[in-house]
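Both complexes shown next keep chain A, but they swap its partner, so chain B is in the first and chain C is in the second.
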Partner chain A sequence: MNTQKVKTSKNIEATAWRFMRLSGILLIPLAWFHVLLQDVVVGVHEIDIDYVAVRLANVGWQIFDILLLTFAFAHGMNGLRQVVNDFVHTEKGQRRMAWLLLVIWLIVSAIGAVAVIAGARPELA
Partner chain B sequence: MQVTLRIFRYNPEIGRTKPTFDSYNLEVEPTDRILDLMEEVKAYHDGTLSFRRSCAHGVCGSDAMRINGSNKLACKVLVQDVSSPITLEPLLGLRVIKDLIVDMEPFMESYRSILPYMVNDDIPEDGKERLQSPEERARFDDTTKCILCAACTTSCPSFWSNGEYVGPAAIVNAHRFIFDSRDKAASERLEILNQRKGVWACRTAFNCTEACPREIHVTQAIAEVKRAVFSGSLE
Partner chain C sequence: MTPILTSLRTTLTGYLRYRGREGHYSFLMHRLTGLGTLLFLIIHILDTATVYFFPSLYEHAIALYQSTPFMLGEIGLVFAVIYHGVNGLRISVLDLRLPEKWTIATQRGGVRMTFILSTLMWLPAAGVMMYNMLQHNYGMFGG
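Presenting the complex of A and B:
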């Protein structure tokens, strides 16, 4: 066996690649649990504004929903960044598009988080 | 048996600036190779047909092309293994020079960029040779089989969309030296591949593994290089 150890630098591409794998693994239980609970256990026809209000009154569900939104969306946006890189070939263009996608991710995640927190009715908890 | 051979033709030297397909009906044996059919066309039907070939036994890698849409070596595919009409096209992602001949220079440039040679300036212990155990040799055995035919790189969708991506073949050849216990330039090679146009451009499509005529586990080799970038371990 080759027991040599080498040093390599970390960069955004390597970090993004690892993030895609880790967030993908995390999304499996998050998304499947979400689908199983909402669509199978509860059922889509039972979901109304009262159900949502009761559900979001629980801090645990708030964290779950915000995590699901931010991870799934970040995973998707990074995938979109890769697709953009296939069509935008200049370093400058790729950097601009990456920033744009990051800003969109931040805004949509923030709106989603606000909706989850503001939609909660603590008196129902 | 009768087969129809459809060949991509392009020759700006004689005014064929628009790619077209020429068809030839040939009487062949089921065990004939596609290369044999091409030789027959060149010898008896159209001497202007141009393609690369050298050893004709799957070792030199010069006759890689798209055969019915898949990257293969013309000398390793038998007529009985493909359906007629048999369509021959040049490799995708590289500039076509003439007929089935593509410009291999971008491919070779990527290959050269990963330092495809042994780097070790240390004097061996006995002053003569660098010993290696069978296990150490086995670690990179699979990637020594590459013949640089470009079938893998030109089957890669990441390479099609971004010609700057070094491509599977360059990574395979980097793997061959990175995991060689006698080599000392692993960190340099990993640094070269630790870029957007390096291993991170790989999207794990597995086209390369499917296309390799030497049955190298290309995607696995790329994954091992990715892991080495993160862990720094060459085991």
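Presenting the complex of A and C:
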């Protein structure tokens, strides 16, 4: 099969297309290591708020968790936007859904980021 | 029917009826594993955030994750995360570096390899998680 490189003008969909591939590659070490460590090596039965407090007191884990939160959730919400575009066929509807998903993304990301940065409060549990 | 229902039906029947064999199943599995992981991710961000916002609620959330139905769901989630990653890497490498390999013949083999590789990576993780579940929830293996 012959393929040809075509120069395209920069637009938001082309950037989103690249973002999905590059963030996806980055998420392989980030998400897989997180799942392997917490679900398989440590296990959900060993996790409590004291465990989370120790983990989030470590700046290295905070950076790891912020990266994971940012890239995994952005990748997921943009993926959802693409699925929504398969079902919503008008430009107006697609635009509305994109804004809705953006707002949800910002709110949930902010909630998660505050918790990662501020850390756990086991003394209040 | 309203336009929304019509477009919903058009897309859903298209999803189900398209007969692209491996490529079709690969597309559906990538979507399902992605949406499933995203659903879990949203719940997981919010329940973990309780460690700061409502610390007394966190133990209830964790207790739920330790229950048998949730642990079975987590074992499925691990497959979703592995499969979506392996398949996504395949798509990324082809799109960014090897676009000439996007042919039906190479893709059929690639899709099968992706499924086999993901399953082989998942089985040991699923075994450990199943062992933990039987030990903690059913008192097996001296638990």
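As a convention for this text, the second predicted complex is superposed on the first by the 112 of 125 C-alpha atoms of A that agree within 3 Å, B and C clash if a C-alpha of one lies under 4 Å from a C-alpha of the other, contacts with A are read in each partner's own complex, and residues count from 1 in each chain.
Just so we're on the same page, a contact is a pair of C-beta atoms (placed from the backbone, for glycine too) under 8 Å apart; a residue touches a chain by one contact, two chains touch by 3 or more.
These numbers were taken from a predicted model, which means no experiment stands behind them.
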Message = By residue count, which of the two partners contacts chain A more extensively, chain B or chain C?
response = C
Request  = Could you say whether A:G24 touches chain B, chain C, both of them, or neither, answering first, second, both or neither?
outcome  = second
Query = Which partner does A:V6 reach: the first (chain B), the second (chain C), both, or neither?
reply = first
Message = One more residue to check, A:A14. First (chain B), second (chain C), both or neither?
response = first
Inquiry  = Quick check on the superposed pair: does A:D86 touch chain B, chain C, both, or neither? Answer first, second, both or neither.
reply    = both
Key: chain A positions touched by chain B in one structure and by chain C in the second   = 1-3, 86-87, 89
Note = The answer for chain A against chain C in the complex is residues 1-3, 21-22, 24-25, 27-28, 31-32, 35-36, 39-40, 43-45, 47-49, 52-53, 56, 69, 72-73, 76-77, 79-80, 83, 86-89, 108-109, 111-112, 114-115, 118-125
Remark   = Note: in the complex, chain B contacts chain A through residues 135-136, 139, 158, 161-162, 164, 179-181, 186-187, 190-191, 194-196, 200, 203, 226, 228-230, 232-235
Message = Show me the residue ranges of chain A that touch chain B in the complex, using the header's touch definition.
response = 1-9, 11, 13-14, 16-18, 82, 85-87, 89
Note = Counting only contacts in the complex, chain C reaches chain A at residues 7-8, 11, 31, 34-35, 37-38, 41-42, 45-46, 48-53, 55-56, 58-59, 62, 65-66, 71, 74, 77-78, 81-82, 85, 88-89, 91-92, 95-96, 99-100, 102-103, 125, 128-129, 132, 136
